[in-house]
Amino acid sequence: MVDETRRKKRLDRSIKVRTEGLYALSSWTEMLYLILPRALLIVGLLTLPLLLDMYWQRVLCAAGIYALLALGFDLLAEYVGLVCLGGAFFIGSGGYISGLLNAHLGWSALFCIPIATLGGAIFSTLVLIPALRLRGIYFAIISFMFPMFARYIIIALSIFGGTEGISALGTLPNVWTEIYLILVVVIIALFAIRRLVNEDIGLILRGIKDNDQAVKASGINITSYKIKAVFIASLLGSFGGAYLSHLYGWLGISLFAMDFSILPIAASVMGGMGTLAGPVLGAFALTPLSEALRGFGQLRVVIYCFILIGFIVYKPEGLLNYFQRKYHQFELWETV
Amino acid sequence: MDILVYGTVNSVTFALIALGFTLVYGVSRIPNFAHGSIYVLVGFLTYSFINDLTLNYPLAVFISLIIASIIGLIIYRFILIRLRGLPASEIIASFAVGLIILEGLRLQGIGGFKGFIGPFYMLPNFIEGKVCILGVFVNYQRLIIIGAGLAMIVGMSIFTHYTKLGLSLRAIAQDEHAAMMLGVNSDRTAMISMSIGSALAGLAAVTILPLGNITPEMGYHVLIYALAICIIGGLGSWWGAVFASFLLGFSMKLSTALFGAMWESVVLVGTIIFILLVKPSGLLGKQKEFEERV
Amino acid sequence: MRAKRLQVIVIMGIATFFMSGLNAVEVRAEKKGEPIVVGAPVPRASAYGQNGERGMILAAEEINAAGGVKVNGVMRPLKLEIIDTRDEEPGVPTSAVLRAIEKLILQKDSDVIVGGPCMSECGMAAMDLYARYKIVDIVSIGCYTPSWDQKVAKNPEKYKYSFRASGSVKWYIKEALDLLSNINSKYGFNKLFVSIDDSLMCRKAAGIVEKLAKKSGWDIVGRDKHPIGTTDYSSALTDCKKSGAQVMFMWAYSPETSILLKQWADMEIPALPIGFIGAAEDPGFWKATNGKCAYSVVTLSETGNVPSEATSRSMDFYNSFKKRWDVPPRSTGCVSAYEALYVLKDAVERAGSLEDDALIQALEKTNLPTVRGTVRFDKNHQIVYGYDPKQSVLGCWVQWQNGKRVQIFPSVAATAGIKMPPWLK
Amino acid sequence: MEQGPLLKVENLSKAFGGVQAVLNVSFALKKGDILGIIGPNGSGKTTLANLTTGFVKPDRGTVRFKARDITGAPPHKIANLGLTRTFQVMRPYHSLSAYKNLIVPLNSPRVRQTRGGKLGDTDAVAIDILEEIGFERDARVPYKIAGSLPLGYLKRLELGRCFALNPEVIICDEIFSGLSMSEITSMIPLLERIQMDGVTLVMIEHRLRELFRLADRVIVMNFGQKIAEGIPLEVMEDPEVKKAYLGRERA
């Protein structure tokens, strides 16, 4: 089937080469070439709600939450080497703190969300600290256990509304606040983290992933850097949780549901691990996909999984890397 | 007494569930998140063979186990083989396969398939009846579980120590590169380990399931138990897994007796977290394992 | 090259799936007026959800066959939009369930919501959604929590959109106690053994039952709390036998309860099992236990799930359900979901429009004789249960007799008396 | 005036499972020394380095650095005191360019302190250090991705990573291994320069001839124990040492 005498060759586009050195920018086309993808993402995300009907706007809100989780997951997995399967724990701690503040103290949602974001992040970071020295699959599994543990504790002690949860929490002022709050946070988080990983702290984190021994021998306390990274990731997750509990005005043990741990990872894998923007893109593709499949009723999950596996197996580089390649390079066939 | 006898049964149950998972992880470093689904699938397959195709019991069990091992083979050959060394992808892909199986079992109305909904899918006991041990009534099925568990542990250790295939499995588990240089085909061995692992999951299913009902939700529990035991025991170590099964089996029974059943799950997860934090190498883990984990 | 072709095939496959998948469950109706869209969130993989869904489809088909719903002189058919909420499945967050409901409201333009979700956490959270989108809903599958009507009572203006046609645990407990009193006065039994699943909900509920039973003259002679998943009950049953209990009150939803009842029969425990036994509700239970479940008494929540002459429509419903689906109705959620569509039809016809306030007022004034009695809502929008089919709707306690579930309580609807096992004299 | 030893190790022992990796090893290091540690494979040299720098906790014994007990302290604390090391297995942060590799040590508390809290342009500092260590700036070597560098540069990079920390002691774990003769020849002056800058070196080595050109003193280890210590050429005359080396060669 495959033609043995030809092979595919990939070459960088000349404009890519020209724009690589930052000081060499000389024309508008080159500027545009650099800015276009970023602008497309920002403008695209910000105008999307205006084009969609109300239901898809809601889906977009949910996608935003998954995007934040995926971003946090990608940061931890690809830049620190901590494969965290405990996204639900961040969601849960943020959601519960915000919801409880709102339900018991009556503070408004807009006030509770920032407090819960910070509080949830501090709480989940503190809880995860003892686990930080673990590596690879071991950290993955222990982080997978934390949300379940929280869930069982809440059921066993019957605290915070027990199995029924608490509903009728305060919601956000209006539909536009709901949607733009999350989108703006996603965009800010994405660019802030992209910036962060290229700062010194980002380099140190990558160093920890590549070779933690050498980092230790360089006089760096790797635990404190890991804590910082986990804190950042849990900030994102806790914000997502706090936001979610006010989006629907509810809190309950299903804030710790496995979906919040697994889906963001799927999004990262699909979008392209390690690219930061990829997981965000993945979340904004995967969540609507899962909603679009609702028409199939029960078959939905099965089809969804097939698509996912197809992606992982046949396009393991992920969406973003694929697009990036197409953007920066062209392909031609050459004869051997 | 109650605790002693039933704790033992509980523990052996755990060991049966976990051994297949440990084998796969030990040999190929693949966390098979579809383990629980295969367990449940074998239960339903056996049920269907007995009730819909009216096969006799041992034959039904035999065919289901064969199917399970083929499924394990397929999962590795077509999916996991391309993902070796990417833990996140491995987890996602195998979990997705598991979900497909579990959700597939519940689908209604496709090709006349009714879906396994509701609580009434049971396998018959091998032998009905019970005996009295130390003043506690134990039915034969539970003794069979203990027997099967012991047989499996002994069988596996003979297999891995004295057969060529078993030795190559162990070689891969200890040092993949060295083994490959010595001519052990890593992919083939991993594939075999997946199929044996799946068959072991199936074997666990057919011995344990006659005690209760089969529901798709069990897939998740089985997966969690398997993870828990492997982590606590030290991965790849038979005795570690067995030891961890006993630890969990008894601590869960004890917590039920002391604090009430709702603490059972808390104790389960709490033990895992505690052990990983205090002794990250697992209970019987060695220095090599420690370095790998921390 | 090959990869390209594979891609094309995959894309085409997905496209076909999309097209075939849409409108998968649309009930055919005669084309007259514009259809009334009824959104139905249902956990399709759970037995309760499946059962309720069947009830609703049956009702919609019947209504449409009879011409539909008459709104201002126009006959409008019902269009049932069923969506799988997947609540009751592990790993699914409530927010995903709520999003499914939002899809019904926002995208499918549902005029009303009828059905689930089943889980209390989801059901309670959904109320806020209905208030937000100002859409009337009739909860009719599951969601039995007593907090539901308390929540409406707290803020009746906000939650005026929500009605509950399924029962509240509160009433079911009262029914159970009345049944016990019946037995007490008829057989003179007064020794009660309580056996429950060790879950929060069961413990709470059984605690209330114990307290009230004590008040009405029962002796609690023993207790057994078994962890969910227990598969051997011999020691508990031995205790029960020793305690001299005459009635074994159960509250258990784990499927393994079937083993308990099998062992009960094997050991010939002289105490009548009565209670909330999830597994024993299923029509297949007799076969699953090889008939050893005989004599156990269980509630199916709604008259009409077994043949009964309680009202003129009880028998009709049972027969047409069995004809449509080849299986008898299971239990909880089936009749109430079926009736909910008739309640809706009645209210819309009286209101003459689908406008919220008119519909809510009409629903509040509902007084509709139907399968399990007469549907009326109290001031908290909770359906009124009772023992008089002309004033309220009836529950349904059955006993397994000769392979069949036979209604034995409430007395108006009963088709047989309680039979005692031969070893209980 | 006679100073106390900079690094003093007493009776260090460590066993892994049943294997006694290091047993009762003691040595002292004076400022400005170059100390060589030699011994056959598996004689516990690397473990000794691990024990000294805190990567492995000793079962028994003490490590004193500048008269301070650092036994069992975490590696990064020890590094911040000025005792650091290279690794036998080279693992640079291969996805980063060479100079970015030095950003990591430049962010350590020690560097911040010694430079008065002001780092300025860390990139520039990093490139300066690399140039000092033998990366030709003109050939843009410091900008290359670390993963693509040849072994010689990797060893220098590893040394540079330690050097960036402004250390007082560097323990070099087999820094010559795998290098060609000419690479080693160019490495020796570099090490000498580092020593002249006031850094005390401990060299764990297999290449005896090259080591003897540098080292003032050597320790010989076998089976986890110190069997000899002294001036390089004299030590080799020691019968124990001969046995350890020759015995191995005969086998």
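Structure notes:
All chains are identified by letter, namely A, B, C and D, in their written order; residue positions are counted from 1 within each chain.
By our rule, a residue touches a chain if its C-beta (ideal position, glycine included) is under 8 Å from a C-beta of that chain, and two chains touch if they have at least 3 such contacts.
Nothing here was measured: the structure is a model prediction, and the numbers come from that model.
When the C-beta pairs in contact are tallied for A-B and for B-C, the bigger tally goes to A-B. With centres defined by CA atoms alone, the chain at the far end from chain C is D.
Centroid to centroid, with C-alpha atoms defining each point, chain B and chain D lie 47 Å apart.
Between chain A and chain B the centroid-to-centroid distance comes to 32 Å (mean Cα coordinates, whole Å).
The centroid of the Cα atoms in chain C and the matching centroid in chain D are 74 Å apart. Chain centres here are Cα averages; for chain B and chain C they lie 36 Å apart.
Residues of chain A found to touch two or more other chains are 155, 262, 298-299, 301. Touching of two or more other chains is recorded for residues 44-45, 90-91, 200 of chain C.
Touching two or more other chains at once is no residue of chain D.
Taken in their complex, chain A has these residues touching chain D: 200-201, 203-204, 206-207, 210-211, 213-222.
Of all residues in chain B, only 31, 78-79, 82-83, 86-89, 91-93, 95-97, 99-100, 103-104, 106-108, 110, 115, 224, 227-228, 231, 262-263, 265-266, 269-270, 272-273, 276-277, 280, 292-294 touch chain A in the complex they form.
Interface of chain C with chain B (complex): residues 44-47, 50, 89-91, 198-200, 225-229, 231-232, 234-235, 255-256, 258-259, 278-279, 282, 284-285, 287-288, 330. By the touch rule above, chain C contacts chain A in their complex via residues 1-2, 10, 14, 17-18, 21-25, 44-45, 82-84, 86, 90-96, 98-100, 102-103, 105-107, 120-122, 124-125, 127-129, 132, 145, 147, 151, 155, 200-201. Those residues of chain A that touch chain C in the shared complex are 1-3, 53-56, 58-59, 62, 155, 158, 162-165, 167-168, 171, 244, 247-250, 252-255, 257-260, 262, 291-301, 303, 307, 310.
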